[in-house]
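First chain written, first letter: the chains are A, B and C, and each begins at residue 1.
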Amino acid sequence: MTAAPPPPASGAPGPVAAPPKFAAAARVALADTALRSGLRGAAAAARERRSAFPEPADWEDLREAGRAIKDEALLNLDAHLEELERAVTEAGGTVHWAAGAAEARRIVTGLVRASGAAEVVKSTSAVTREIGLAGALARAGVAVRETGLGELLAQPGEDGQASYRDRAGGPSDDPAVLAEAARLRLRERFLGARVAVTGANFLVAETGTLVLLESEGNGRMCLTLPDTLISVAGIEKVVPTWADLEVLLQLLPHSSSGAPMTPYVSSWTGVTPGDGPREFHLVLLDNGRTKALADEVGRAALRCIGCSACLDVCPVYERTGPAPYGPVRAGPIGAILTPQLRGVERAAEASLPFASTLCGACADVCPVKIDIPEVLVHLRGRVVESRRHRPVPTPELVLMRGLAWTMSDPRRYEAALRRGTRWARLMSRGGRIRRLPGLLGKWTDARDLPAPPPATFRAWWSGRRR
Amino acid sequence: MRVALFVACFDDALFPATGRAVTALLERLGHDVAYPPGQTCCGQMHWTTGYHREAAGLARAFTAAFEGAEAIVAPSASCAAAVRDAYPRIARAARDTALARAAEDLAVYELTEFLVDVLGVTDVGAFFPHRVTYHPSCQSARALGIGDRPLRLLRAVKGIDLVELPAADECCGFGGAFAVKNADVSVAMAADKVGHVRGTGADVLCAVDNGCLAHIGGALSRLRAGVRVVHLAEILAATGPA
Amino acid sequence: MSSRDEVLRRVRDALGGARGTHPAVPRGYARRLAGTDAADVPALFGERVAENRAAVRHVGADELATAVAAALWGREAKQIVVPADLPFGWLAELDGVRAMADRPVIDVDALAAADGVVTGCAVAIARTGTVVLDGGPTQGRRALTLLPAYHLCVVQAEQIVGTVPEALERLDPSRPLTWISGPSAAHGAGAAAPAGAEGVHGPRHLEVLVVED
């Protein structure tokens, strides 16, 4: 291990530079040609998977049911959480509540310390990434072993120098070679691991059951081999009843991979003597979810079951990849979830609802029918409102207010149209405009704009009547 | 039938030929076209950019300008979608029940919906001897769900050589303010659309939204690709050599 | 105030008047197979198992021991592990294969070193080509089917249901369940994971014997 700096007293990561706005981060991603071709390939593969597996005949019925199940869970979330806590506890598990990311990190770090383990195995999970758990554990002196193949390839080697890909026996991109090397390297880790950290896809309130879907089997390793299992889940993962899984276990596999079922679905309720961990801890995380819940339009984002179908079809994500969306969630769902969880005060989060053309492809595929464009527009409104009363108004606010004032009166509008047309015609050459000043320069950097014809439609119309 | 023509502000200034074409087409089909002079902008841009208070003001002005119209026809899917889908939301966000009621009373149609569903015509007697490909804009295909209506109209045009656009349902990257706020991604998306358009060998690209056409056409023009962008209405209004 | 009470208070505040609303859940989806799918459920199950990249064979009850032996022979398995309560008859025809029962409990290194594992299942689902293990009779604990490189699962025809809803009706949520639909795979692991990498952690090969009379 590289020497880790001592953890700050709060357990929170140290000060870092403000994250960039989406457009700036996207520019970096667009310049990475290897990334672009990788993303293009992944998008093509996703389209192929989708077309290889037709939707079941009752798909629309399943979506309607899924939407209603998640709405029921959210609109009665307090009752379902209390029921879940009771059921998990009765089954021999321990439930912890974390109001924020720092508290969740503290709870998990404390549990690992109490177990005396110097390392933990960890399966892929959006929520542990959201709270920065791996970094917190590392700062606490606990070695974190990512076990998902994707994460493993991205994780630096244990000496902190060479990446795993380079170490896997020469420069190999052969999936089979990489998988074999990963299997061998991880086996020994798993077999000796005493503590595992996982996420969960569903928490069944009625029975206290957790459900985890995965393809590789690293999740099963985490759930089965160590003595202590710590699962971290957002409070929105609760579903009311066992029978609700009959819908969700059809929606999630089909939406994430096209296949009717994910290779491995595991469920567990507390602890089972003689089979698997002796200790089970569930950490329930708020970390901004109740803020999203308070927003009547925005709360729809909490229905998300994490299938990634919206990423697969998003034309913006296909060009930028995950990085510009920040650490919480990528793609269209990230664009509506992250600003709600983290607030829109900072420019990075405030830019996310604008990172969409509102094309609607995401809403078409969402298995729980989240109207993502509607939430995007709603959140754009929140961003604008949050900046409306600044002492110095943003140039955009001045522009948009001015436009609205002009357009609210037909005479003002006509006069402005005449002025604008004359001005734009002066900017043009050969019927097109190749460079515009100010904000609109972003348009003409790579696109022409046609020069407006001398007569507007309304001028033509009034001339015609005469 | 008396038709109230709704010409988007964008089209009014930059693409007046589209409104003229709709007028000519509907009159040729024997209908009476009116242009309510009080109209300015439907407020779509303000709404989708987050200026919801301003959008509400513009929506109120729009409903007043078109009050009592038997049928409102717009050669713009995104503006028709704004009035039909966004006005109820604008009214809800502004807690304006009068606006919600007024919006409910508006019978707004995108041009091809009006032709196919209300007038029941697909052959409008047009003649357009060019190789044409059609881009189904997201607002027309997803928000309005106009399906193959534009293609049915195009197939009936005499002299046309209609070719299929690959990956047609993928967004062109316009997205209103997106084209400027996220110009790099927007342009990257346009580049792919342009590639598909050029691959068809068409000399005309048409759509039912001039916003998308300005965006794709702007990229085509910058590349001097030799492909013209033309609103569908202008193709339908074109008539043969007499 | 504890974090528990704080989170619950935030939830109640967030929901306000909407709290306690119970949206009707429309359950118009299919609970049973219909049409041609329903005609031969074991056949549909076999097709779907094969689509999940697993091997599948349909055998008569009297052929089971031979089929188990042949499958292990085909895999060149020398040393296998089995749940302690696996019927002896299933293994009666083994030749040159050493089967180790999980009693006393086999340590993880020995499990990982085994060439294969033979189990039954609790329920199988035709529409998805899934076998579900619940740790009940003929299945053993979860680690048994996880560490060996090869899993041979015996499914009795009457254990096969048509759909996911039917499976959930039969399953007991208090037991640890493992739904297996094909061998371990790396796709779905995100853009960084190369497609086609198989057998990363779980068994690389899954074979299903469907026992029909």
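Here is the rule we use: a residue touches a chain if its C-beta (ideal position, glycine included) is under 8 Å from a C-beta of that chain, and two chains touch if they have at least 3 such contacts.
Note that this is a predicted model, so its numbers are computed, not measured.
Q: Would you identify the chain whose C-alpha centroid lies closest to the centroid of all protein C-alpha atoms displayed?
A: A
Q: Among the chains in this structure, which pair is joined by the largest number of C-beta pairs in contact?
A: Counting C-beta pairs in contact for each chain pair, the top pair is A-C.
Q: How far is the middle of chain B from the middle of chain C, if each middle is the mean of its Cα atoms, in Å?
A: For chain B versus chain C, the centre distance works out to 53 Å.
Q: Can you check how far apart chain A and chain B are, centre to centre, with Cα atoms defining each centre and the answer in Å?
A: Roughly 33 Å, centre to centre.
Q: Chain A to chain C: how many Å between their CA centres?
A: It comes to 30 Å between the two C-alpha centres.
Q: Provide the list of chain B residues touching at least two other chains, using ranges where the numbers run on.
A: None at all.
Q: Could you pull out which chain B residues touch chain A in their complex?
A: On the chain B side, the touching residues are 7, 9, 11-20, 23, 35, 37-41, 43, 45-52, 54-55, 57-58, 61, 86, 89, 93, 138, 142-143, 169-171, 173-190, 214-215, 217-219, 221-222.
Q: Under the stated contact criterion, what part of chain A meets chain B in this complex?
A: Answer in residue numbers: 22-23, 26-27, 30, 315-316, 319-320, 351, 353-361, 363-364, 374, 377-385, 396-397, 400-401, 403-404, 407-410, 413, 417, 420-421, 432, 434, 439-440, 442-450, 452-453, 455-461.
Q: Contact residues on chain C for chain A in the complex?
A: That would be residues 2-4, 6-8, 10-16, 18-31, 48, 52, 105, 108-109, 112, 125, 127-130, 135, 141-143, 146, 164-165, 168, 173-203 of chain C.
Q: Sort out for me which residues of chain A touch chain C in the complex.
A: 38-39, 42, 45, 56-58, 61-62, 64-65, 68-69, 71-72, 75-78, 81-82, 85, 91, 97-99, 103, 124, 147-151, 153-154, 173, 175-176, 178-179, 182-183, 186-187, 190-191, 204, 207, 209, 214-218, 220-221, 223-225, 235, 242-247, 249-250, 253, 256-257, 259-269, 272, 274-276, 284, 286, 290-291, 293-294, 296, 299, 321-322
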